[in-house]
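Chain naming follows the written order as A, B and C, and within any one chain the residues start at number 1.
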């Protein structure tokens, strides 16, 4: 079955999304054209939905994703895949600030770079960035993994609560309450297996695994040093 | 809390129209008021003055007073002032004046004419036009789409801590420096502290709008010898709060972005021309195709575009 | 003797001893007779016993103190400074015990963007308090009680519990900056969505839940390690300012297909501007939570020294909506230290369309009730004084995750108490409204109030009693 084409242009977003949902409900895959970097396309889509955006989209693309498979040909604005529970979002270009914000599951794969606060407040799931992750990436993440193949900008993984940030390549600086630990062979195998599934396998990578240093987990005066940094 | 935009063309063309499109696309970020800083063909001497009078019925009194101040300062009208015919209480006025003997002194006196009459810009080529309402409304009222120029700034305003009035909208002119205009997205949190310092250095503020402060702050730094690029860089560590602002003069346009990487800026450059805005979907109104997009996403960023060199580069 | 007293007078008796002048006889050695208070009470206006113990505590802890409950700042003005002026000769009262007064309240219907505005039978609903801060039994009892009287409850930072959804006929789903338990299905099951940018007790900061309340269930729901001290961020992760918020609101409407109202909850700081911005950003309902609002846990300094009083915020909020032409389009809800129907009626008169009660509802559940005295004592407190919500050892089972304490909330009985309290509050409001000649509680207005102090008048714009003028400059 070939994909149904939906055109955005300058139509009201409510109308566009309705058309997308109707086409998906009938079991079609959907291709969206003339997107003009507009906001709020493809919100809260269910499992089984397959959606492709030609060109770039604006903020919140694939927000509250509930199992859909979404591909964006070029860039996304802020907060793509925010609060995603399950599903997959593939971004071929650049992902703007807060991609995967508070996501709980599923996979976001970015071929380009990611902007600041990548994976902010994540509660689960995986974000793979082939390029570099931006300033304050992984901020306040509780669970899940951010995997950056092209390095990380400043304050990486600041205030990490749980979860992991894996970086291959240079890290400009680490954020507050982080530590870099030696990953176990199993950890590495798990990450490499995920990457291999995405066609990114490479056993020669040198990983830095960042986790929470746990000094901000409890209110204790002996950790005043950590507290004064924030 | 707003949307901002800038546009640079390779040669004089319909820069007003482009800026209206950029601002209309960002209307959801604020529609209390919209404003434009437009740079048309530069005068050899003398200045273009844009002003707003709060009471249309008293305009002729205000213009009489304004003319008197001009003459006191060795200046005069080059041609009759023009104004909009929209019928609202407030009215936008455009005047072309001869070179005053001492610019800063004339400007100071002109600002004191009346609470009703406010100078919004003075420049060899800068014209600031701003008013209540969204981009299309302001454009229709003031003929923005027909403005021919080389570059300009645009602003869509959501009022935060100062009032919604035509004079509190952006862009702001950095008085008393001709041709310098600014648009700002964000909220300065040490506004009152900086305002007091600058007032003590002799600067005047027409509003309680923090964007006006940035314009004066940058210009003050430049008057002390810093280049625009240096002043932009310095603002990031010296001014507190969240901001991304665009500042322009006859020769260049630059921006500074705060240390927390909060307010975005996106640009597309092509063939010596440029469009920059808070949101990508705005610049896509100008560049509908799939051009490479520059995301100024990190903390503490600045950049300057030269108007002349972009022209030469083509 | 002062040198300038030069009259040559001599006593007709021998000069008294210094001890006699000082009234040493029968006194306490070493203490002057003239100033007993400083020895008994301490009269320093700066270094009160509270301030002194604060320094001792900070020196030991190396951080700020944290507690629950609400403000202890005695400078807060009180609703008691306002009185109603019912109908006498200038207008006709309605029969308080007979003629009817409409209490139906619709929230979120004004913008025309929403398919299903919220219709409540009374102008009061139960505020957002998280599961985590509260026990599951407490949440359920609040739900049943509110449902019985045609009102509603809100989820809190901890997300939606199945028990609460089934107990509450109407439920507002809260989206806090932390986004704990944010779930699309829950969003779509809710009767409204509330974006939170702050709360009255601690505006400008995020939620706190101390480790002793992060039980296994709470930890699992919030993706936290068990026992960790949870401190939420204050900003939402995916939008950063009122200008982006409009885009976020559109996303939420898309997610819920424009069915339900979108609320915005804020702590009262600059309501005159904040409410205008919220209204322009496109929400359907704005909730303004004043400084007297309660909390399960917060740095104490925030509870006592941030935010403006509820009664000063409501007027500013209403005027903000009037000024931008949004009154009637955007609904206004007031919260923060509302204890009774009288307080609620004053809020309605000041300009609120409805009120939200938090701590008051907990009182109905049994907070600070005189039972289980030993457990209160073990916390170092007693019924009537307890503010120890943050400890997780609530003697009456409300703000705890301990199973043996939670059972002390008997859900059916507690539900009935909540229902009766809401009913009683509503009766208080209608009685006052009818005395003022109103056939609907929503017709109470500022003119129905008078201020009993200059401050109250200045804070609220209510006319001073007697002189009938507002304090202003």
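The working rule: a contact is a pair of C-beta atoms (placed from the backbone, for glycine too) under 8 Å apart; a residue touches a chain by one contact, two chains touch by 3 or more.
If you're wondering where the values come from, they're calculated on a predicted model, not measured in any experiment.
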item	value
Interface with the most contact pairs, given as the two chains involved	A-C
Chain whose mean Cα position lies farthest from chain C	B
Centre distance in Å when chain A and chain C are each reduced to the mean of their C-alpha atoms	38
Centroid spacing, where centroids are CA-atom means, of chain B and chain C in whole angstrom	44
Residues within chain A bordering two or more other chains	39, 58-59, 78, 117
Where chain C touches two or more other chains, by residue	244, 247, 250
Residues of chain B touching chain A in the complex	261, 264, 279-281, 283-285, 288, 290, 293, 295, 297-299
For the chain B and chain C complex, residues of the former touching the latter	1-3, 28-32, 158-161, 164, 185-186, 242, 262-263, 278
Contact set on chain A toward chain C in their complex	13-14, 17, 39-40, 43-44, 58-60, 63-64, 66, 78-79, 82-83, 85, 98, 101-102, 104, 117, 120-121, 123-124, 139-140, 142-143, 161-162, 216-222, 224, 227
Interfacial residue positions of chain C with respect to chain B in the complex	240-244, 246-247, 250, 270, 273, 276-277, 280-281, 324
List of chain C residues in touch with chain A within their complex	60-63, 66, 177-180, 182-185, 187-188, 210-211, 222-225, 228-229, 231, 233, 237-239, 244, 247-248, 250-251, 253-255, 258
